[in-house]
Structure formats: structure tokens, C-alpha cells
Amino acid sequence: MSLATKIGSLTLRNPMILASGVLGTSYSTLKRAYEAGLGAVVTKSIGINPSSGNTNPSIFALNEIRSVISSIGLANPGFQVFREDLEKLLESSVPTIVSIFGESMEEFKEVLNGLTDLPIQAFELNFSCSSSKKDRAQISTDPDLVFEIVKELRTNTTVPLWVKLTPNVSNIVEIASSAVRGGCDALVAVDTLKAMVIDIQTKQPILGNKRGGLSGAALKPVGIRSVYDLYEHFDEEIPIIGVGGIYRGEDIIEYLLAGATAVEIGTSLGVAYPENMVRFFQMKVKKYMEEHKFSSISEITGGAHK
Amino acid sequence: MSLATKIGSLTLRNPMILASGVLGTSYSTLKRAYEAGLGAVVTKSIGINPSSGNTNPSIFALNEIRSVISSIGLANPGFQVFREDLEKLLESSVPTIVSIFGESMEEFKEVLNGLTDLPIQAFELNFSCSSSKKDRAQISTDPDLVFEIVKELRTNTTVPLWVKLTPNVSNIVEIASSAVRGGCDALVAVDTLKAMVIDIQTKQPILGNKRGGLSGAALKPVGIRSVYDLYEHFDEEIPIIGVGGIYRGEDIIEYLLAGATAVEIGTSLGVAYPENMVRFFQMKVKKYMEEHKFSSISEITGGAHK
Amino acid sequence: MTKQTLANDKPLMCKIVDKWEECFETFSFKLQLPVKVQGAKPGQFIMLWIPGEDEYPVGIAGLENNILEVGIARMGEGTEAMHRKEVGDFVGIRGFYGKPFTPPEDVNHLLIGGGFGVVPLKMLIETLMKSEKKQDIHVFEGARTKNRLMYLKWLQELHDQGEITFHVCTDDGSFGYQGFPTVALEEFLQKTKTPSVIYAAGPERMMKFIFDLGKKYPKVIDMQMSLAGRYMRCGFGACANCAVDPTGWRICVDGPIFNTEKLEKISDFGVYERLDTGEKKKL
Amino acid sequence: MTKQTLANDKPLMCKIVDKWEECFETFSFKLQLPVKVQGAKPGQFIMLWIPGEDEYPVGIAGLENNILEVGIARMGEGTEAMHRKEVGDFVGIRGFYGKPFTPPEDVNHLLIGGGFGVVPLKMLIETLMKSEKKQDIHVFEGARTKNRLMYLKWLQELHDQGEITFHVCTDDGSFGYQGFPTVALEEFLQKTKTPSVIYAAGPERMMKFIFDLGKKYPKVIDMQMSLAGRYMRCGFGACANCAVDPTGWRICVDGPIFNTEKLEKISDFGVYERLDTGEKKKL
């Protein structure tokens, strides 16, 4: 029995990947997450310039629904500074996916070109951010923009390109199809849901940015459906990575059955000790594979479509 | 201090309305819900023909996130049969909003014309159904279709038209604008989120219809943000009715502050005794109004935008 | 950790650990609950999910050491799908739902059932027998013919051991006296002097008949009947498919067991049911 | 129902019930918690939300009868916004976060603080004084000038009552001896024969200095220092903004209190911090 999984040409020791933005700002937390037993890590989304992100409060828990709302606002040190952390991380041979974002094609290219020489496993393109200021058209919800950017970036690098999909669309398959046509190597579903919490005592939205994104357990049924819809459409045409609300080994299995080849895990690793969580995840997945006589992850993938 | 609220020309004794589909199949449960103390009730969505809806399981709870997933599939007795229940309900002077749906303009017109002579308070147009079979284009996500249908129905009736909005879009304001241009009298936000749950033991999606809609507490931050976005855009141009995950009086206040004039409540009334729930809701809302020196609901509406 | 009751949540997958033919077109199953639980009460029910096929309500025949017993009568595709399940297969359950029977003390307990209605009565009998006070238990069962009598052997044994008095009959006289169980019930009511409570579960028209009968005898101090024949989707009160007129009570939450006082108020009782569309249909 | 600790959830709104100027540009506040809670431990912190303005971490000075005391030193806009708040206003808190001080018994307790670092030491002092065994408590406080000494009056009174020994100094000699508190600490370490534990909270460079000093004395059996100077967003471990190299420990969860063994492993300690962008900055 092996937990290894293949995402295109990339082989990971297991299907558990750290999701972008959680524990992902410095080489040391990324390394710690990997050493906790994950298969790979995705960095915090990196842009062209250092950014402080949104005013605090920018994140808090919603225990009742086992979730978190956040609007970090893509705070990041900029790709030039981050390169240093990245190099240190890569020295320890941590399989690393670099999440990048930009406001425009030019920005995306600049960040990608600034890091593509490093021995990273993939770029993850972050086209959306539920916590962005306005409900203005975002790249993530525009099939044509997604196609153009992926196509252009494809010509700029030989590093695999993963596209992260937002659940805030009426048809996730449509956006995904654009990304696939553009030449991406994997789909990552889903990012956070657009959300808000208002304090009734002071009558104010609590987040400094007012609007935020919902992650955690509340997102799981939405993520599962997204992955299921994508797999139904693409089948084995492109690997799908499931994200959203994974708190237990069982949730990982659920994503695999829906059609995922691997999963990303964010909130649950961020609100606990990653070492403990990953151990529990692994135990559960192994036990399930034993009980159901699976010898590899790929045998589980898409099982709910049979 | 008064709990009364105005939705266009309609005055309700309080802002709490039963949401469509919950307790809404027969005159007796609708009457019971109203007598429990609500301001009005919305019926189950009614179409042209009797329909058995989807295979069971079609609904179950997700306790961990205080939510419910369902795919009743718009089971309903058809407008001709339902008319009988409706007449009985109206005999008891229950302020009633009739939710209607159709696969096409023609179907919408037939249902509306078949009921518009009754002394009902409004029609609520249900353009979406997260539990529908495919991810095919739905009316709810197509601004042009929404505009056309609302405009046409507007010429067929003098009864107020409410439009129920789905959260499964990238820009809820865009769809709402179409509905407003079409001539609707209120916006209702939101319907359920597209969702799915897979059983890992048998590797099957649990719902008979596989796909379903998520309601309950997990939906609240999404509903609040939707109402906030709508109010920011429309201000007092059109009344907004907030729906999604109301379990407590505090949640009602949160929707009002976000910009709602009234709220609809579904799941929480369906999983408990409506009599108890409504009493708690009322107590909390009154207490809040006293403490914050509000004398009417309209003073609370939109308070989070100040 | 032993839970007081099952959480009303998504289906909990249980392994079938035993299966036998109970009587004609009816199978009993024992399901292994994967969590420790106590507290199912007689008259409560579960939603039974046969993966990929159907889900529907069924009564609880017993619960001991996390083994749940159910009895399934063939009606259509859903119940047939369960009949095809074998030991080792998994099915899902949600529950425990509904209000149970609430037997008082110091009365004659008169249990009368037909068809799968006898399922919850089995658990009621076991509960009454376990009570500290010696209880007078009379069970009235009837069926078309002998091989349709549920729990026949078990009930006869209890009768022979003096634990219950078993009044059994068939339409065709193939077992017990020929006729309806209401005949023996009426005879008994005429004789007895002790205050009695009637517990009924079965076809609604039969229960309505019993209800009208029971009302004629002041010594019948209460009647508790299981309205477990209505179409159900959720089982926990949300869909309202199971509601009765004119009270708007949902059978799954406000019932399925209703007492005399409540049954009086249900104008539908024995007259109308609602289909899965919400349309009304004469019973 | 008294909760053991506050749930890590959305901000809990608390009314300000008392406010006073503690010392130069520093105000203390008492906040009324709307729920019954016990169990904040010295060294833990909360995230303080000033609605519409900012949210940032602050230490806990005390918690009694659901009244939480905090002390806020003016740094920039966020702390100024809190200074503008008056009795009757509401602010939000999240917490209680972080690992507390864990004082052993039968040692000299040497507490040394600067600036707002004295806030958590206040609660530590109160906890030590409440312990059943009589504890030897030495408090070393220093500031630029007299009116910047936090909790001066309270500490002096405790000193006069013999509860603690208070070693106080100022840079300008306006109160206590002239110089740094580390001077008195070193003197004390040279004299004492009892095993001692150092608790430090204040600017990281000061703590690093103390750490290097303490390591020279084997009788210093442990040092516990609060790395409460790092930029924090979440307070519960998710954003990793507060993490230190090379261990990847998050100060909010794995700290803020670290002991000697751990401090040894933190190469950042007293050298680098991370800005809100994630960039590193020399301390």
C-alpha cells in the first residue's frame, strides 16, 4: 500500500498538501509543515511588491460552523524578498508549489519570471481573492481572462502551472475549461466563499476590510461538489486537487472519491499543531485503504462516480 | 417600539417570514408557522404540474456546521391542486407570499395567472434550484433571462413580485439589477449554496439526486455579505429580504444591519418547534431594540453601512 | 463514550450482522451501530438509507448492545432493495426520530398491530416486560393468513411463559380465531374492569376503527397510536411532507405517536394522507 | 455556566467599566466580560478589537469576577484609538491565546520587565502571591523616567508589605537607582544561593541581553520570556505572521512564553522580527 500520488509529472509522497496562505509566509513554517508529514506545501500567494494587506481584524474563527473568515488581503513580502525564504526552503528539498497573484497579465509575468529558475514543483495561479475590496470583475470569474493569462504564462515557463478556482461562480466547469485550454497542468478547487460578519453591538462589519472569505468546515460540501462537477466533466483529462474544510482523514477520502488526485489543507492545520493533525490524517487514510483494500491513491480517485 | 416593517406597499406585523420550502407544503403547517408569531409565510415553490421531486435521501442534517443539505427537487402538488390549500390558508387571513417556479417563461406565466386572482401578498420568483440535475445554465445566473421574465410577469399581475437570488454567482448585484430593471418589488437573498456530501463507506453521494443545496448556519456569512453588497448598491431603491442561516434573534439583527428590511427563516424553523423559536427570536429582537433605543425596524436597516 | 441518543445527522453507516425471514415478504435485520448509543424508545423510528437506492422511515424493533433490529415488509422498490441486502453489507441510518409511546403504570396494556406496525410494538412489549412493576400486557395481532403474522413464534413463547396474553387471529382462519383483531379487543374491553391503555400501530383505517371503538369505553383512559404510514423525507420536521391537517403537526416530530387528546384534533386521521407531491389522497 | 476559558471565536464585545492613566502615555482599562469565565493564565494574551479602527494583541494584567484588566501603551493609531475609548464604550476581545508562564516551586522568582511587558508580569505576581507556599518574588523594573514606570504605586505597596522585593531604576535617575534593571538583576544573581527562575517581558533586545546574562549563572535553572513584540493577525496559529526561524514556531500558539531550552533554538530571538508583509527586519 502506498500513499504516493501523481499530479501530472509530479510525484508526491502522499496526497496532503499545505494550502496557500496558511503557515505559508516564511521558510521555517513551510518546512515545519512539510516535516509534519505533508506531501508538499504551497506558499502564501506572492505578488510583485511587498504589501501589508488589509487592516486588522483580518481573520477570526466562527466556531459554531467550525470555520474561519479572513481577509488578509494578500499581504506578502513581494517576490524579490520572498525569494530568499524560498531558496532556504528549497535547500531542505521541500516539494514546493509557489502561489502567485497579480492584478494584470504583466504582474503575473513579472512574478513568474522572477522565480521560474528555482527548482520548485509548480506555480499555483491565484486569480481570486474573496476578500478583495469590491465586487469588481475579478480574473477568476472571467473565462476569457483566465484563458489568456494561462496561455501566456505557459509560454514563459516549463514549470507546471496549477490554477486555483473560486467557488463564487455559477459554473466552475466553464472557468476550468478556459484554464485547461490555456494549458494548465492541474486544477485546484476551491478558494474561499465570499462572506461577511457584522457585530450587532457596534453595528460594524468586523473585518477591517469588511468583506472576507469563508474557509473551514462550512466550505467542505461546496468544495466536494466542485471537485465532483469538475471530475465528471474532465475525468482523467487533468488532475484535480481538492481544497476546503478538511479537518479529518475522512474528509480527504471524500475529496478523493469526488475526483481529487490530491488535497490541500489550510484552516485545520492553522488552528492546531500541524504535527498532530497530519499524523491523524495519515492514520485514517491508511486505515481506510486497508479496510477497503485500496493499494494506491489513484484507485480511490473518482470512486464516487462509479 | 414597533416590530412592524414595510416591504414596498406591504406592511407586516414583524420582519420574520417563513422561507420557501420549509413547513410550506400544506395550509396547516403554513398556518401553524404564522400563528407561531411570524410576520408572513412563503409557500413551497409551486410549478405547473404535480411533481414527486428527487429520490430520497433528499435532505439530511450536517450537525457539525449546524446546517442541512437538501435536494427536494421542487416536489410540489402543482398550482391547481395547491390552490385549495392556499384558499384555506387565506381564509385565516395569513399574509402569504406564493413562491413559484417554471422551466420557461410560459410555465411561469401559467402558474402566476392561475393564482394571481387570490388575495396573496406577493409572488416570490424562484429562478434557481441548487439541487437541479446538471450544472446547466439556470435562469438565476443569466441576467438577460431574469430581466425578460420579470418584465413579462410584471405585465401579467398587479401582485408584488419578489425575486429570490442565488448565491452561486460571481456578482449578485448584476443579477439583482436585471430583476430591478424588470420591475420587481423586492429582492430575496439568498437561496442555498451548491453542495454535495459523499459517504466514504459506500463511496456514493448520499443524496438521491447526488447534488444538493446547503442551508443553515454555514450559509449565514454568505447571506450577510450578499445583502450587504445589495444594499450598498441599491440603498433604499428596493427592499431587500435577508435569508440564510438564521438561528437566533441576533442573526435577524445582523441581516437588518446589513441592509435587510425583513428576513426569511427556513432550516431553523424546520428542525425545531416553530412556536419556541419564534418566541426566542422576538424576545431577542425586542431586547436589542430597547438596549439600542431603536423604535422601528426601518431604523436598524442598513445600520452597518454608516 | 455512550451517547444518550443518535445525533440527527447524515446517515451513519451500519453493518448488517444478521438477517432472517420474519414472515411472508418480511425480513428482519440486525444492524451493528458503529457508535455506542443507548436511549432509543419504543415508537421511535429511523430513516433507513439503502445506498444508491432509496431512503425511508422504519420503526425500531429493538436496540441492545448497539445492535439495532428492524423489520422490513416488502412494499415496492425501496423495501425490495433492502431485502436484497445480505449480512456484511452496509446501510445508513439517521435518527432516532419522533416521540415514543409513554405507557403509564397500573393499567392493562392493550397492544394491537397489523403489518409492519407490529415492529415498534415489539420494542414496547420488551420495555413493558422490563419494568419493575408486573404489567398486564395483552397483544392483539391479526393478518390475512398465518405466514403474515409478524413475530409469531416470539409472541407465542411469551404467552406460554405467562409474560403476555396473546390474542391472535387470521382473516382466513389459518391460525388463531378467524376474523379481525378488533373483535378480541372489543371482547376484552367488555370484560375487563381495570383501566386500560390501547397502543395501536398499523394501517391508519384500522387504527381509526380502533380509536372509535376505544372511545366507547370510559375504562380506556388513553389511546396511543403510531401514525407511521405517512410519506416522509426528512424525518426531523423540515419538509412538512408528513404534516396532518388542520393542526399542522408533523408526524416525524410531533408524532409519530399521538394520544387520544391529539388524535381527536387530527381531522385527516384515517381519512386522508399526503403523497410525495403534497397532494392529498383519500385513504 | 462558567467557562474554563474563552472560546477562540469572533470578537466578544465587552463594556469598558473603568479607565485610568497608568503612567506616561499608558492607560489601564477594565473590561466587563459578558460571559462567566475563569482560567486566563499569566502570560496569555487577547486580541483587542477597537471597532472600525484596528485589532492587535495585548497581554492580560488580571482577570477577576469576569473583569479583565489590560494596560495599553501608546504606539501608533491603534493604541491611540483605544486611549480615546471611555467608560461605557464597547471593545471586542478574542482569546485567551498562547501558552502561559509556568513557575516551578521552591525557587527565587525574578521578574524583569520593561514597557508594556510589565502587563503580563502583574498577573504573574498576583498568581505567585496566591500560591500556598510562600514564594520569594523579586521584581526588577526600569524605564526612561519615573512617569514611565508601570504599576509603580502597586509594586511599591507590595514591597512595603513585604510581599515582593521591588528593584526599581530609571535611566535619568528620577526614581530608584540610575541605570538599567539588568544591573540590579546581575547583582542579585551574584549574591543569591537559591535556584532562580527569570521571567522577562519587554523589548526583545533587552530580553536577549537578560538571556545571555542568565546563562552565565547555573543557579538560574530556567528562563521564561514573553516574545510579545511580534506582528500578529490571527492569534491562533493560522497566518504564521508571528513565526520565528528556524523552528517555525508561532509565537501566538507555541509561545508567547518560551523557556530556556526553546529560546536557544530561536535564531531570530533579539535579532530579527517579521513585518506585516512577511519581510524580515533587524531589531
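Which chain is which? They are A, B, C and D, in the order written, and residues in each are numbered from 1.
Criterion: contacts are C-beta pairs under 8 Å (C-beta built on N, C-alpha and C of every residue); 3 or more make two chains touch, one makes a residue touch a chain.
Remember, predicted model here, so these are calculated numbers, not experimental data.
Looking at chain A and chain D, not one chain touches each of them. Put simply, the chain farthest from chain C by mean CA position is D. We define each chain's centre as the mean of its Cα atoms; on that basis chain A and chain B are separated by 33 Å. Centroid to centroid, with C-alpha atoms defining each point, chain B and chain D lie 51 Å apart. Centroids of chain C and chain D (each the mean of its C-alpha atoms) stand 65 Å apart.
A straight line joining the Cα centres of chain B and chain C is 36 Å long. For chain A, the set of residues that touch two or more other chains comprises 62, 64, 197, 204.
Among the residues of chain C, none is in touch with two or more other chains. Shown here, the protein chains touch in a chain-like sequence that does not close on itself.
Going by the touch rule set out above, the chain pairs that meet are A-B, A-D, B-C.
Contact residues on chain C toward chain B in their complex (touch as defined above): 7-11, 13, 47, 49, 51-52, 54-56, 90, 92, 94, 233-234, 236-241, 243-250, 253, 274-280.
For chain B in complex with chain C, the touching residues are 21-33, 44, 50-53, 55-64, 68, 70, 72, 75-78, 81-82, 197, 199, 201-202, 204, 206, 208, 266-267, 270-273.
Across the complex, chain A is touched by residues 62, 64-67, 69, 135, 137-138, 140-141, 166, 168-173, 193-198, 200, 203-205, 210-211, 214, 217-218, 220-222, 224-225, 228-229, 250, 253-254, 257-258, 288, 303-304, 306 of chain B.
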